[in-house]
Each structure stands twice: as structure tokens, then as C-alpha cells.
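Both of the next two complexes hold chain A, though its partner changes from chain B to chain C.
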Partner chain A sequence: MTISSPVLRNSMRLILPLTLLYALFAMLKGHNEPGGGFIGGMIFATAVCTYRMSHGYAAQLRLLPIHPRILIFLGLGLALGTSAVPLLLGHPFLRSAVGEFHLPFTHHPFHYASAMAFDLGVMLVVVGVAVGMITQLSEELE
Partner chain B sequence: MNLSNLIILFIVIPMGTGVLGVLFKYQVGLMRVLGSLSLASTALLAVGLLIHLRSHETGILVTQMGAWPAPYGISVVFDSLSGLLLAASSLVALGCYVHSFSTVSAAAQARYFHPMVQLLMFGVNLAFLTGDLFNLFVSFEIMLMASYCLLTFGGTRLQMTQAYKYVLLNLVGSTIFVIGAGLVYGMTGTLNFADLARFVAERQALGEDLPTGFTALSIALLLVFGLKGAIFPLWFWLPDTYYTANVSIAGLFAGMLTKVGIYAIARTFPMIFAHGGSEATKVVMPILAISAAFTMFLGVLGAVSHHNIRRILAVHVISQVGYMVFGLALMTQIALAGCLFYMIQHMVVKSCLFLCCGIIERHTGTDDLDRSGGLLRRDWYLALVFFIAAMSLVGLPPLSGFFGKLVIIREGWDTRWWLSIFGLLTGALTLLSMLKIWSYCFWSPQAAAVERPAGESPPPGSMRPAYAGATLLVLVALFLGFGAQPVYEIAFRAGEQLADPRDYITAVLGPESLDHLAGRDLRSPAELAAAARREATP
Partner chain C sequence: MTTSATVWLLLCVLAPAVLGCATLWLPRRAIAARTLVALLGPVASFGILLQHFGAYGVSPIEAPAATPVIDWIPVLHLNLSFLADGLGGFFGLLVSGIGALIVLYARGYFGRDEAALFRFYPTLGFFTTAMMGIVLADYMLLTVLFWELTSISSFLLIGWDRDDRHAVKLAMQAFFTTGLGGMFLMGGVLMCGYATGLGHGEGLWRWSEVLGAGAGRINVSDPLIIWSFVLMLFGAATKSAQWPFHYWLPGAMAAPTPVSAFLHSATMVKAGVFLTGRMFPVFAALDLWGQIIIPLGAFTMLLAALIALNQHDLKRIFAYTTVSQLGLLMCMYGLGSLDYHGHANIEWDITQIANHAFYKAPLFIIAGALGHFISRDITQLNGAFRKQPAMVITMLLAGYALAAGPGTISFQAKEFFLHAIHHAQESIGPWWMVLMAMAAITAVCNVAIFVRLLTTLMGWPGGMKREASHAHDDHAHGHAEHEHGPWAHLIWIPGLVLVSLQYVGGLAPGLWTQWIAPLETHAAAEGIPTALHAFMHPTLPLYVSLIAMAGGAVVGLGPLMRGAIVDVHDRIYPAMYWLSVTGGGRAFRVIQTGRFRNYIVFVLIAFLGAYLCAMILDPAMLDWPATESIFEFIPGVLLGVIICATAILMPIVQSRVVRVIILGSCGFSVVGMYLLYQAPDLALTQLMFEIISVILFVLVLRLLPDTKETDAASGRWWRFTIGSMTGLAIGWLTLVAAQSGAEPRLGEFFARHSSTGTEMTGGRGGGGNNIVNVVLVDFRGFDTLGEITVLSIAALGVFSLFRRRESLPTQDEFGDQLMRSVRA
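Now for the complex of A and B:
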């Protein structure tokens, strides 16, 4: 379903990058604060679907040139892989590695956890499911 | 390598295979190999761990997800109860999965059939392994989600109608479940089974009352589990649902899904809600006993009255669930062991009968008893497999059903003799209904040939996987009959673990968790009375 509105088309230029950036931000801050892969994925998918509304399906394919099924596979694989790695090291499933490292030119140490990769996987799954569903439904409508 | 970390493989393997199935959606051949390997490996793993645990001190393996300690994190527990059920369910799934190669159309197979089977097993395995109530809910949801998809493969109008009812009913059940889980957390401050068992045992040992409403809560959860397990009077959804699904999938469901509900009762009630002489026990036990009698007897009456193979088999699932609830209603160590043995043998045998039904349908083009016949001459091998499975279901002595029924009925004779009489009567009627299928389908002369539409007759050799699946299950059923001794050893240990939660609690929460209850017997009064009876009659 495409809405041919110049207002929407032009404002999407601003909205799209901001929303995608915010999705990434929500995903990353989910480690210690409200947010996380699921919310980040929803926001990402909203951006993609709004873009589809303003620019059409072909433009969406250029923006996200991966089949949603593959996104779901990558996301689930990443999440499952991250959770299974500790098994090889003799730790329980889902055990997260945590630590800190210093980025050059910054004062604050950067706190990382391998659970972040799990969250990224969740995000990919949510994007894949949401975009895939909306694509299927709008195909039926058209 | 720490062995207990490995029990998570029961969840990782099917999930990983399911994920690969999403990628290789159209590579049906590859997915068949991967899927069979996944189910076979979980079955082997379960059997291997069970054999290993026979000499283990407590017989319970525990892993804490992400190394978060027990009542706060997610515990995954492998004890004798879950081990036996995991082994049986993986084998049943393997048989039905191989059978589905000949019954599920190629178009359906390329529509996420393979990932759905794996995700169903992911949910089932998680349900058997999880150590807390909320994750039990989650695993029910995973399992149901996959079952909704599998139920509607084919997408006929009838399937959609039945699936709609099934989805609606299960949504209601899940809602009550999650409300119940919330209330449990509110009343006790924990959802972990071991911690709950400790909470209840502690209150009783110190002579304190359980929180107000604990009984009502246990009834609400019994309602949910009873709905999944199809016990009286919550069975009404079952016959139609199994009737409309593809026959291999119906076999898978008949083996697996009701048993998960019964498992949930077996896991939570003896240890937690109906533990000891609590008020809940006095309410729950009679309910379970009466419901067992009705489930057994009315179920088998339904089976006798039907005249259509699949309906007979589907209604029979209900009647057999009654025996398991019978074992639960006694709630002694031996009755629980009998219940567990009956569960695994029923999973195998009932699925095998459904798989045979699939082959019969292929031969005759119908599952109406009146229009089939003469199969004994046309296919003696199928007749043999069907006969062994049917007689196992009835419980003819050297076969598996006998040992399950024997233990439960014998144990019930002292305290609830009327239930045992219902059990025996049901056995006789089961024989009648199985003989009905046997004599109409196999012994009667060939019925008038059913005219098939042109082009529908299957290519020769396409039924080989179906025979392979049925053969696998009938071999397992024979093993359960002739090798009942080692299986029962493990089942008795499971009964012990359920009747006396001490081992389970210390395995999950650590050895200090019961220090302040030292020396107190945590077994229930029913179990103590049964133990006294056992000692009196050597």
C-alpha cells in the first residue's frame, strides 16, 4: 500500500535515518535500562514499513535487500550461537562474558557483554517477522 | 566437561535444526535428513544419560541458565521423570516424522513443515526439562504455536474450523495458566519448582498454614493442565482436532500433547500443590480420582460407539489418559512410577496405531470400518504391526500395556478399589474396540473396491517411510514389554523423587537449603501409609 503524498515522501528523508538510529540506540541501551532487542527491532521495522508506505515496495527492497526469512534465520542463528558458545567453554548455556575495554580518545571505559550479540539476534528476528508479515498481508491486499 | 551443562542440548538441538529449516525451506531432502538426525540424537542422548544416571547418587542433573543461582534464574532439571519422557517423546517424534515423508504432500513439506516439527519438539523438551512454572508456561506456548501450524497443514475448511476452536480453547487455558503463575508468585514469592516444594514442605514441617487461596490456585492450575491433558470433563476438544489433522501429525499429537499436560500435573502436584496432608490434597485427590474414573470409562465407551478408525483411536487417547490420572490420584511412589511407565508406553503405542491407521487409509482410501476389509491377505506385515500395537494398548500380558496397568491397578486396590474396577472394565472394553478394528479391517472379506480419482494413486515405494516409522515404534513398544524391568527401575526412581522431594530440592537449590528441616520426613501421609502397607506385606 503506497500513499502518494509529497509531505510524507519528503519528511521520510529525515524520519528514516533518525528512526533507524534510534532503533540502534534502544537496542544498545537495553543492557541495563528499558529497551533491548525486541523494542529496537520493532522500531526498526516501523521505519522500514513507513518507508514502504511512502516510497513503495521496490524502494523497500533497495533499503533492505534481504528476504525476511533469511533475516529470521540469521537472527535466530546468532542468538542460539551466542547462547551455545559457553557450552564449549564448560559454562552453562546463556552465560554471558562481560568486561570493559578502553576506546582510543575516550575517558570512559566501554562496558561490553556478549549478551549484546544475543540482543542483536533478537532484533534481527523481530525485524524479519514484522517486515515479513506486513509484506505478506499487503500482497494479499494488493 | 561438566555433564549437567549438556542437558540443554535437548533444547538446543531441535531449535538449531528448526532454525536451519527456515534457511533450507525448499531443500526438503536435506531437511528430512537433518530432522531425523536431530530427533534420533536427542533420543540417544536421553537414553545415554538415563543409563549413566542409574549409578548416580541423586540421579538428578541441574544446570542454571547463564549461571544465575537457582530461585532467581532459570533452572533446567533432568531427573528420571523427565529423562524417560524425553527418550520416549523423541522416539515417538522420530517415528511419526519418518512416517510423514509418505503422508505429507511435497507442497506442504516446503511450507515450514520441518521447522514446525522441530519447534514442537523444542517446546515439548523444554516442558519436560524446565524447573519453574513460568517457563513451563513458555514451553506450552511454544508447543501450542507449533501445533497450531501443524494442525492446519493442508488448509481445508474443516481443518480451519477445528483449529479455530483449538486455538480459542488453548488461549483461554494459557490465560488462566499465566494468571495462576502470577498468583503463585504473589503468594509464595517464587516460581521455581524446587523452591515451591521447599516452601510447602517447610510450612507443613513447621505446622504453619499455607497462604489463603492456595487450594483454589491449585484447582485453577489443575484446570489448565487437565485441559491440555484432556481429562474429564475437559476433553471435548480432542476427538475432532485429531480427526481433521494429517494422520502422521495426529499420531505425533496423540503421543505427545496430552502427555505434556499429564506431566505438568505429575511434576507440580505430588511435590507442591498436593504435597503432604495439606488442605489442597483433600480437595484435589477426590477430584482427580473421580475424573480418572469418568475419563477412563466414558472415553472407552466413546471409542466403542464410533465406527471409524481414526475417531476410535482419538477417543481412546482420552480413555488411556484416565489410567494416568488414576496413577496420579493415588499419588504414592509406586502409583506414580506406574503412571510414568503407562505414559511412555502409551505415547509409543498410540502413535504407532495412528501410523498404522495412516497406512490402512492409504490401502483402502477411507478410514470407515464398513468400507475396508481383507487387509490381512493384502498386507500381513501391517496386520502384524497393528495387532502388536493394539494388544499392547489393551494390555495383554507380555506386552507393555500390561505392566503399566498392573502396577496402577494393584496399587489402587487397597485404597480406591472402585477405581481399580473401573480400570479393569475399561481394559475389557478397550479390547472390544480394538477387536472391532481388527475384525472389520483385517479379518473381514475384501469390501467393494473404493474407486479412486484418476491420478491419485500413490507411486509404488512411496509408503516405505510409513512402514519404517511404524516399525520403529512397534519395536520400541516390544522393548517396553519385554524389557520392562530396566525401564521400571528408572520409573520407580522417578516415583521416589516425586514422592519425596528432598533430592529434587537439594539438587536444584543446593545442599544447605533443607538444613533447618533436618531429619523431618517430607513424604506425604498417603505415601507413608503405602510404605507401611508394603512393609506389612512382604
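Now for the complex of A and C:
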């Protein structure tokens, strides 16, 4: 369903990229600041769904040209894969690795945690589920 | 033995399933390649097992060698470790060997039916693996696991013809019956592990411990051990089709014949016999062992033999003789518990098990082949020899073994059994004569069946006359014209290969002894005597055999008992099914109203009940909590009032749109609350959730029916009360929890460990400063994994429920459909 309001249409053009960026930011920063995969996914999905309400399904398809179930598949696979890697190294399931490494041309060490890949999987699943369900329901309406 | 031995045995177990599934990647038309790859699985298992015996020898049953363990789930006493002693190893060879022949037979049976072979080989491989797992597993719970896998895979095999509702029903019957037994087996295993663990620390969870080092810890007068035995025996009896659970086995004849030949000769039904043999060395010391197993086995043996005589469908005849033989094998283990001159009254048990497999599989194989070319109804087969000489000769060779004629290993096996009965008079007194009579009648039936097969198939006088056909044939699998060439002969050659082993045993017992004796648990040193030896030194059992043969010839040629009867036990499962469906349906309609608000009321009432119990059990719950700090922070109080007010407004307002708005404002107030109390993560999540739920509401709102439901208003106050009480209960709980001074608080633990670890967590932390996120992805990562899995499944459900249709229904139709699907 589309809401034909010029104000919404035009403001969405501004809001959408910012929201998507913020979603990624929230996911990436999640380990230390407020945020995380779940929240990032929710923000992303909200943005996509609002965009759909203002610009229609065709526009959403251009924005996210994948079927949501593929996102779910990728996300779940990534999360499972991340959890299973420690098994290969002889550690318990889901053990995370934490460390730092230096990027060229920077002074600060880059802090990483392997749980981030897991979080990315969570985000993909949440985006897939939320976008998929809403798309499916509204498709039935149209 | 090292861990590599366990890895090899694991490969041995998994090979059939892995290679069976590998055939799915072959092109559909590559039938020969498909057959060969599928064949590789059981052949590899067979080879690995032989190699294992070559390298480590056969583990003696009384003191099994320690088996190396690969940890899987140590907490649950479920690890990977395999015990290849004589019994398990023999069964492993039997399953993989006959499995290989069945792969070939299936190629002959299904012909060039690509679709059938495409589906059949993976399923068969799955079943073979499950069966190999049962017989080789060392951890008892691993046995249970594979036991259940055989139930599942046999369900797939028996209900092969998915369009045949009757076959699917019979597959369900087999699945429920054997699955029920599996539950009992699991109970028995758990009870055994628990009982042996009392006062000893670690219980016995492995067969090798139960039979070997821990055998002394099994106290046969302990009621727990006795119950554990009874439960395990129940599992064995259902799987091995003992009365009154034998009905599933003839019912399972709805399967294609390769399945019947495999499941009912060597594998599925033998699992129970195998389990009994596994338990035998230790549990036979129980008095109950003989008291239950001997009568049960003997009665099953006799009853099934009598039913078998009164059947027309070849597969049903052989199904009932299978049940009869299973009863005999159980009875053999029962008699084994008795004392005979100071040692166990059991001899050459593995030979007796092998004997059955080597004639019953060929009988089924040829029954399928004859059904394919002519008919499976014995009355239609008069003179079949002229049409299919090779098949008929193979069947008669196997039938001669069914009748336990001299010259087959079956003859010696029957002699051992009769000897065991004869020896039992030392312990059970004159009852042995009852058993002997039962065995003799069973033998009469078996001989009579052979005589009928012989006269009918050869077209001699005395055979079954042609009657109106009941149309049992094996043409259902779809290829009309018969194949020619070498592949086509696979429909009977595997039967000939197997039955020839019968005559190896019968005519050259020395060779047989050489093969089997290393695997035998209770082998006499002098080997198996030949039939000639038995005739030279006649004993009472021999006379009984001779009488049975004469009687069998008379009954077989005589005019009596030539009809086809219906087994009354076939009604057991339908009756149970009817009871549970009708009774369950009643209960279902009361509980499952399809109304969301009723479900919520159920949940809330259950919660309140639990809460009430907690209050009664713990008086501290009733202490007035510290309330002075509540009013310290005025903005929080204000938000709380708003939240409560919106919540109370909700049921008062009638309009749905207004309700959605109120719900939204309630949610956003909660967001504000989180922000005030510095929980940005929760606030963000809640915010997004509110937005998405409002969007969803807007979508769904138009679908809801406009008409007010009359009963909505009637229970309103009642629901209002329950809702407010739940709210008050949770509020009270929060206040009580907040003032409990329990140290250390859980929150402090997470706060301390979220970034860097301490010695409490082995020096490892989550590596992040955001506690909420670290808890989500690290401390409770397993929960999160489970949650996203559930989310994905829910989304897939939505995708499949609302599949895009060719022509979309109109608005009203769709609304009706939605409501119906919600109600249903």
C-alpha cells in the first residue's frame, strides 16, 4: 500500500539513506555503544518498510533486489557458521575471539570481536523476517 | 585400540547414508552409476568391519575391550564410541551384506524407473545407517538414538507409495508401535544408568561397561534394575513384533518388496532380538528374564505359525512366519537364562539368527519377483515353474530351509533350539513338554507351508487351486514392459546368493563354523554337527523333527486350513487410533478455540497460578517491599502514570483505530521510561518494535471484520480482572526482586566480564563495552541463535501460508480466508 503524500515522499528521500547508514553504524558499533545486530536490523527494516509505503513496491525492489528469504538464509548460515568455526579449532561451540590489529596508515589499533560476524547474521535474519513478513502481508492486500 | 578405530567404525556406520545421498547428485538417467554408488555404501561398511576384525580381533562379550571415545555430548552420557563384539559385529556384517544385495535387487525390482530409484537409494542408505548404528553403538543412548532413526526411516520406506492412503496408514501403524517401544527403551536405559550410578558416582552408560567392568554393579534384586529391564524388554518386544504387538509387521508388507526383504529378514525386526542378545549376558540373571521371555516368545511363535498357514498372499505368509521365527529367537534367549549342568542353556545363538536371515530374505525377494511377473497370491501361482523356473527353484530352495529340511543350516539351528527345550526340563520341570509341543506344531506349520509351495509352484497334485484373485501384485511401481538383459536378472539373483549360504552351512558345517565361530558367544568347541551326524546319533529332538515333518506333509497336502483368515490383532491399532482421535478431538475442540484472547487468558491464568504457588511456598514474597524510593524520581512516576492510564483505557475504547493509537502511545511511553533510566539499547529496540507493529496493525486492520462479535463484550470484565491481576503480580514481583540483597548480583557479573575476563571465566571476556550486546551475542549466544532460528521459521511459515496466488482473491474473500485460517 502506498500513501500518496508529497511531504512523506520527499522527506523519505532524505531520511532513507541516513537511516540505512545509521542502521549499519548501530550494528557495527554495537559491541561498545548502544546498538547491535538486532537493533540495526530493526532500523533497517523500518526504513525499508516506510520507504515502501511512500514509494511503492517497485521502488523497494530496486532498493533491496533480493527475496527476503535469501537474506534469512544468509543470516542464519552466517550465524551458524560463525558459531561452528571454533569447533574446527577444538574450542566449544560459539566461543568468540577478541583481539586487535593494526591497519596501515592509522595510529589506533583496530579492535575486533568475532561475535560481530554472528551479529551481522542476526541483523540479516531480522531484516529478512521483518521486511519479508510486511511485504507478504501488504502484497496480499494489493 | 586408538581413536582412529572409532573414526573408522563411525565411517562404517555413516557410509550407506552418505553414499546413498550422494546418488542424488547423479544425473537422473544414470541408473547404472546410481546403483553402483549406492552399492558402494554397504560394501564399504562390510569391508571396514572386516578390516576392523582383522586388526583388533573380535571383542569378547564377557570382557569387552575398552572402546575409544570421541566426545559428543558428555553431559548427557552420549558420546561416539562403537563396540564391535561378536554379536554387534555379526549384525553389522549381516546388515551391510544383505543391504548390498538389496541395492542390487532394488535395481531389478524397480527396473528402469528413474523416479523410484532416485528416491529409494537415499532412503535405503538412511535406514542402513540407522541399523548399523544400533548394532555397533557402545553408548546405550546412542543405540536409542539410532533405534528411533530406524523407526523414522522405516516409516519412509513402508509408506513408500505416498498416494496409497492405506500404505501410509500402515506405515504410521509401524511407526507408532515401534516408536512407542523406543520410548520405553529410552526409559529403561536412563533408569539403568541412574540405578547403577546411585552410590557409585558415575552410572553405567555404555554396553561395554555393563557387560564388562561394571557387570558386578548390576544388582538384580534392585527394583530399579528390574524395571529398567522390563522397559528395555518392552522396546525389544515391540520392535521384534512379539505378541500382541506383532500386528505392525504383516501390516508393513505394504512396502515395496525390497524393503520387506531387508526390514523383515535381517534388520528392523531383528533389532529387538539383537537388543535381547545384548542384554543377555548380564540381565539373564534376573528371574523375570525367563518368566517373561519364554512364554512370550513361545506363544508368539505358535500363534504366528498358525496364522501363516491360513494366508494366501505370499508376502503375508512370509511375514507371519517371520513373526513366528522372531518368537522362536526370543524364546531361545529366554531358555538361555536357565541353568543346564552349570552353564547357560544356549548354543550357537548367532547361527540361529543367521539362519533366519539367509532363507527369509530370499523368500521375500522371490515373492516380489513372482508378484512382479505373475502374482503374489499363491492360488494364482499354480504351475509357475513352467513360466519362471529360475525364480521358482530359488524359492523352493529357500522354502526347504523354512521347513528346516536336512542339508540346510536351518536344520541344525532347529535342532539346537529343540535341544535347549529338552535341556530346560532340568529347571522348569514338565513345562518343557508344553514348549516342545508348541515348537512341534510350529514346525508342522512351516513344513506344511513348504509342501504347499512345492506342490503349487510345480503344478503337482495337492497344490492350491486357482481362486478369485484378491489382486495382490507388485505392478504398482509403474514399468509395464519387462526388462531384458543382465540387469533384469537382478530381481532373483540376490536371493540365490543368500540362500546358497544356507546350504554351505548345511552341507559343509566345517566351513560355516570357520566363518561364524569367531563371532559366536556361546559356541561349543566341537563345532556344528552335520545332519548326517544327527541321524546317526538320534536323540529326542530328532524324533520330534521327524514327526513334525511327517505331520507337515499331511497338513500341507490335506484339504484343511486352506482359506485366508484375517488376524484379529489387526484391529488393535485402528481401535487405539479411533480412541485417541475421537477422544483427542473432543479435548482439542475445547482447548483450541482459535481465539487469540482465549489463549492469552489461558497463559495468564497459568502464570497467576504459578505465582500463587510461589507466594504460598515462600512467605518472603508477601513482605511489604521498600516503597520509599519509588517517588524519588518524578519524571519516572509521571511516565508510569501515563503507561498505566493508556493500558486501562485500552479495553474501554471501542474503535480499533483509537486502540492502535493508544497502544502506540503506551509503547512510546515505555520507550521514554527506558531512556530516563538509561537503557538506550532497550529504548531503541522498543522504538523500532513499536514502529513496525504500528505498520503491521495498519496493514491488518482493514482485514478485520467490522461486525462486533457478540461474545466479545460478555467476558470483558472477567478478562479485565485477569489482565490487571497479572500486571499487579508482575509489578509486585519486580519490587520484591529489587530489594532482595542476594550477592553477587547477576548484573554485576556481566558488568565485570563483558569487556575483559577474570579467572572466574577463564580469563576471557566478551571484548565489548555494551553489556546488552555482549550478553546477546556472547554470553547467551546460544539463546540468540535459537531465537533467530525461530524467527526464520516463523517467517518461512508466513511465506508459505501467504503464497502469491495466480488470481488474487477479492478483499472480502481474503478477509474470510484469513479469519478461517486463524480459526482453524
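Just so we're on the same page, the second predicted complex is superposed on the first by the 141 of 142 C-alpha atoms of A that agree within 3 Å, B and C clash if a C-alpha of one lies under 4 Å from a C-alpha of the other, contacts with A are read in each partner's own complex, and residues count from 1 in each chain.
Note that in this section a residue touches a chain if its C-beta (ideal position, glycine included) is under 8 Å from a C-beta of that chain, and two chains touch if they have at least 3 such contacts.
Quick caveat, the model's predicted, so the values are computed rather than measured.
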Touching partner for A:Leu120 - first (chain B), second (chain C), both, neither: neither
First, second, both or neither for A:Ala84, with chain B first and chain C second: first
Chain B versus chain C as contact partner of A:Thr46, first or second or both or neither: second
Touched chain A residues, chain B compared with chain C: C
Which of chain B and chain C A:Leu137 touches, first, second, both or neither: second
Which superposed partner A:Ile72 touches (first chain B, second chain C, both, neither): both
First (chain B), second (chain C), both or neither touched by A:Glu33: second
Contacts of A:Pro92 with chain B and chain C, given as first, second, both or neither: first
On chain A, positions contacted by chain B and by chain C: 69, 72, 76, 80, 83, 93-94, 96
Interface residues, chain B side, partner chain A - complex: 1-2, 5-6, 8-9, 12, 15-16, 19-20, 22-23, 25, 63-67, 76
Chain C - residues contacting chain A, complex: 680-681, 684-685, 688-689, 691-692, 695-696, 699-700, 702-703, 764-770, 772-774, 776-778, 781-782, 784-785, 788-789, 791-792, 794-796, 798-799, 802, 804, 808, 814
Sites on chain A touched by chain C in the complex: 1, 26, 30-39, 42-43, 45-46, 49-50, 53, 68-69, 72, 75-76, 79-80, 83, 93-94, 96, 98-99, 111, 113, 115-116, 118-119, 121-122, 125-126, 128-130, 132-134, 136-141
Chain B contact footprint on chain A (complex, rising order): 69-70, 72-73, 76-77, 80, 83-84, 87, 90-96
